[in-house]
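You will see two complexes here that share chain A, one where it goes with chain B and one where it goes with chain C.
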Partner chain A sequence: MSEHIEIMPRANPSLLSRREGDSLVLFNEDSGDPFILNGTGARIFELADGRRGIGEIAVMLAAEYDAPEEVLADDCAEFISMLIQKGLLEVA
Partner chain B sequence: MGYGAFIIHGARVGIYPPDSRMADEFGLELLPIITGRARDCEADVLAVYDEQGGTSSRTGDGTLHFDAGWEGAENFEVADGVRVYLDYGRLAVKISARDGSSFDESLLALVNLVEYMLRLHMHRSRPLAVFHAAAWEVGGAGILLPGASGAGKTSLSFIMEAAGHLIISDEDSFVVRGADGLTLLPYPRRLRVGGGLLAAYPELHNRAARPYSAFGGEGLLFEHDGRPACVAPLAAVVFLDNDPAHTGPPMLTPLTERARVLYSLLGSGEYYPADNAHGPMKAEFAAFNRALFGIACEAVDKVPAWRLVYDITRQCRLIPEVIEELASNLMEAGRV
Partner chain C sequence: MRLSAPIEVYWWLTSRCNLSCAFCLADGGAPDPGGELDEAGRLAVLRGLTEARVLRVVLSGGEPMLLPGIYGYISELSRAGVSVELTTNGTLIDREAAARLWDSGLRKVQLSLNGSTAAVNDPLMGESYGRITDALDMLVRLGFIVSVKATATRRNMDDVPALARMLMSRGVVKVKVADPTPMGRAFTMRDTLTPGLDEIRSLRETLQGLAASGTVEFGSFMLSMSESGAAARCTASGAAAYRAIITPDGAMAPCTMATLWPKKLNVAELGLTGAWERFAEYSGYLDPDRLGGACGTCLEKNDCGGGCRPLAYLFTGDLNGGYSLCPMGG
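Then we have the complex of A and B:
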């Protein structure tokens, strides 16, 4: 029986961030790369603080956006995976 | 034999060998010869062109040893027989070229490396951000104009100069925090124009100082010197967008989405590769990049932004009027 270990993503510590309305502008002080996240994407990034699993992030999003959790869970996991690939989030 | 020096933004930039073409490129007067050991010299930034391929240096009276102190410098071959050395500790650069390599290209590369090191030197005294942008002073307003290669930063700078405005930079613009907000610092490098723009704008011949045939091209060299004593308060950001498909007059559109403006501004920022650096330089590069972020945020907070769309081949003559009207509006709004 395999054991499921939930990852708890957190922001790359090299990122500087700035909230502007619904958007979040990120800047990697090591690579010089800028990024921009909008709406839900910005919120997911902020909720990924290293103490929450993807499931918990989806629950919080569902509450904030009044959307079905089961629908958000897959999208949230996919989005976080993309943020990890781009180096914006990391897993301890 | 010794080396020459320029004063750029208060920094002493030592150059060996002292070469008039380097002086031409910067548009500055080469200061009197200084003697002393290069590694102990008084220069804040040191640039060396070593035409002996790094095997020896022509030290003349023997008091200069430009080959000393490069052992720990980062170095890489940029072309066949041409190696670049970067010594971040003492802010020194060297291009070592075998006989037969292009002197002009090496000299141009050396100019760019001097700028690269000069930014770090300036940052050590105060936070500095450098943007890949033109900068003009129009009616007392400093306007920063980020633009990708081909957007027309240099071409439009010539046209603005011909219209009587001060060109602060045509390529890299230095922004610092001043007493009254963000300030544009002029970068002393001459404007050069080649065949394409000369064909579209023949009047430029009358304003040129003299022809040039170095640095991989032929054209005209202008007397513009980015007067080091002159600074301009940053009053607006205008993103240059040269679109060959654009029809109608040049279109100036206000940008109200601050996140997008900040993102674009950061995208035009010049940064140092902290992720590839080691030791103290990694921290210093990251600090430089943080300053870029902080100043870009401050610019978004304090000055308005626009996008200027045009087809430069057909509309370059119309740009000064558009910018002059913008500056006039800034003045009326009390932003200058």
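Then we have the complex of A and C:
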């Protein structure tokens, strides 16, 4: 497992959201941009509540999806980094 | 993924208006426009919006403050967790109305103002400058998040930078400057009102310094159409659609211009999700085999589908007519 700086990502408070099945529909009111996160992506977004680090999110995902934590940690960090870049998550 | 309902809805509640702006795309101001939903119809639309969990609703008109039910609509949407913005000319918002709007859950208001002085504004909007700026100052003081839409016409273009600076100094969070959308009176009066493309480009450059602040936004429908390099394929009603307009008669359309189309998917008849499910029918207008005029013989027609079809319809009166703004020469 690679080293990750332990950040506690959380949802951008100006986002609006609704569930559609396994997917999460997000809308950034400031930019007017819509986003749709499917299954695992939606779950990662929900677990990023500002109290969990990426490592803890990966552990929870590994348990829920019965997948190797080492692999998930890297994927999870990459995905969260992308969500931060798009302004969907922010770091306190 | 095709959404089960739109994310964002612009609901034109009425085309009745106490003003009669020279550039009004909704032809607002007629005392009895006819064909509009009654209160029961509006409540049915409201139910559709909340049940479908639409995330954001912009209430506009005409002048939505003319409807006695406006506070109830806002309250119902807010209680359901919908983010609501009210687009109004502001002239009917006194202290009591502002308090009722706040208590209904409203926080975001967009006003219209089109001149930094009454001498510039009032010839375009009718006598209203004092009432609008009074409402603006009061709403900002009460804590509302206030933005202002300014329409740049040939009559006020030179004043727009001064207007933007004045609005920023009064606490407006966003100043949205745009040229007239070519509909309603803006289309009828286009020869005297609509700036030329060179004039619009010049205004865009003038506003660039102010735009850097993040408060001033400039958008031009005509400029984006003419600068796209090739006619862009419209995606407003396709699989990635997420926004809808609902007009005063309850019809749902994919964009402002598409409200001109004769085809109507009516929310009052079909329900909100029912109309949304059939939204893709609007894409039928992009069928390259139906295109006529210069679009019909153009080699690019399979890629662009004929560009902005409502605009072609507006200028030619033919749903399959040539697209007059096409860079390929339609």
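Here is the rule we go by: the second predicted complex is superposed on the first by the 87 of 92 C-alpha atoms of A that agree within 3 Å, B and C clash if a C-alpha of one lies under 4 Å from a C-alpha of the other, contacts with A are read in each partner's own complex, and residues count from 1 in each chain.
Quick note on the criterion: a residue touches a chain if its C-beta (ideal position, glycine included) is under 8 Å from a C-beta of that chain, and two chains touch if they have at least 3 such contacts.
A quick note: this is a predicted structure, and the numbers were derived from the prediction, not measured.
Novice: Have a look at chain B and chain C on chain A after the superposition and call it: clash or fit.
Specialist: Aligned on chain A, chain C clashes with chain B.
Novice: So in the superposed three-chain picture, is A:Pro68 touching just chain B, just chain C, both, or none of them (first/second/both/neither)?
Specialist: A:Pro68 contacts neither chain B nor chain C.
Novice: Just chain B (first), just chain C (second), both, or neither: which does A:Glu20 touch?
Specialist: After superposing on A, A:Glu20 lies in contact with both chain B and chain C.
Novice: In the three-chain superposition, say which chain, chain B or chain C, touches more residues of chain A.
Specialist: Between chain B and chain C, the winner on chain A residue contacts is B.
Novice: After the superposition on A, what does A:Ile36 contact: first (chain B), second (chain C), both or neither?
Specialist: Touch partners of A:Ile36: chain B and chain C.
Novice: So which chain C segment collides with chain B once the two are superposed: 92-100, 110-118 or 218-226?
Specialist: 110-118
Novice: Can you list the residues of chain A that meet both chain B and chain C?
Specialist: In the superposed arrangement, which is not itself an observed complex, chain A uses residues 16, 18, 20, 23, 25, 27, 29, 32, 34, 36, 38 for both chain B and chain C.
Novice: Hey, which residues of chain B end up touching chain A in the complex?
Specialist: 257-260, 262-263, 266-267, 269, 271-275, 285-286, 289-290, 292-293, 297, 300
Novice: For chain C, which residues count as touching chain A in their complex?
Specialist: It is residues 1, 3-4, 7-8, 53, 55-56, 83, 242 of chain C that touch chain A.
Novice: For chain A, which residues are in contact with chain B within the complex?
Specialist: 14, 16, 18, 20-21, 23-25, 27, 29-32, 34-36, 38
Novice: Can you check the complex and tell me which residues of chain A touch chain C?
Specialist: Interface residues on the chain A side: 16-18, 20, 23, 25, 27, 29, 32, 34, 36, 38.
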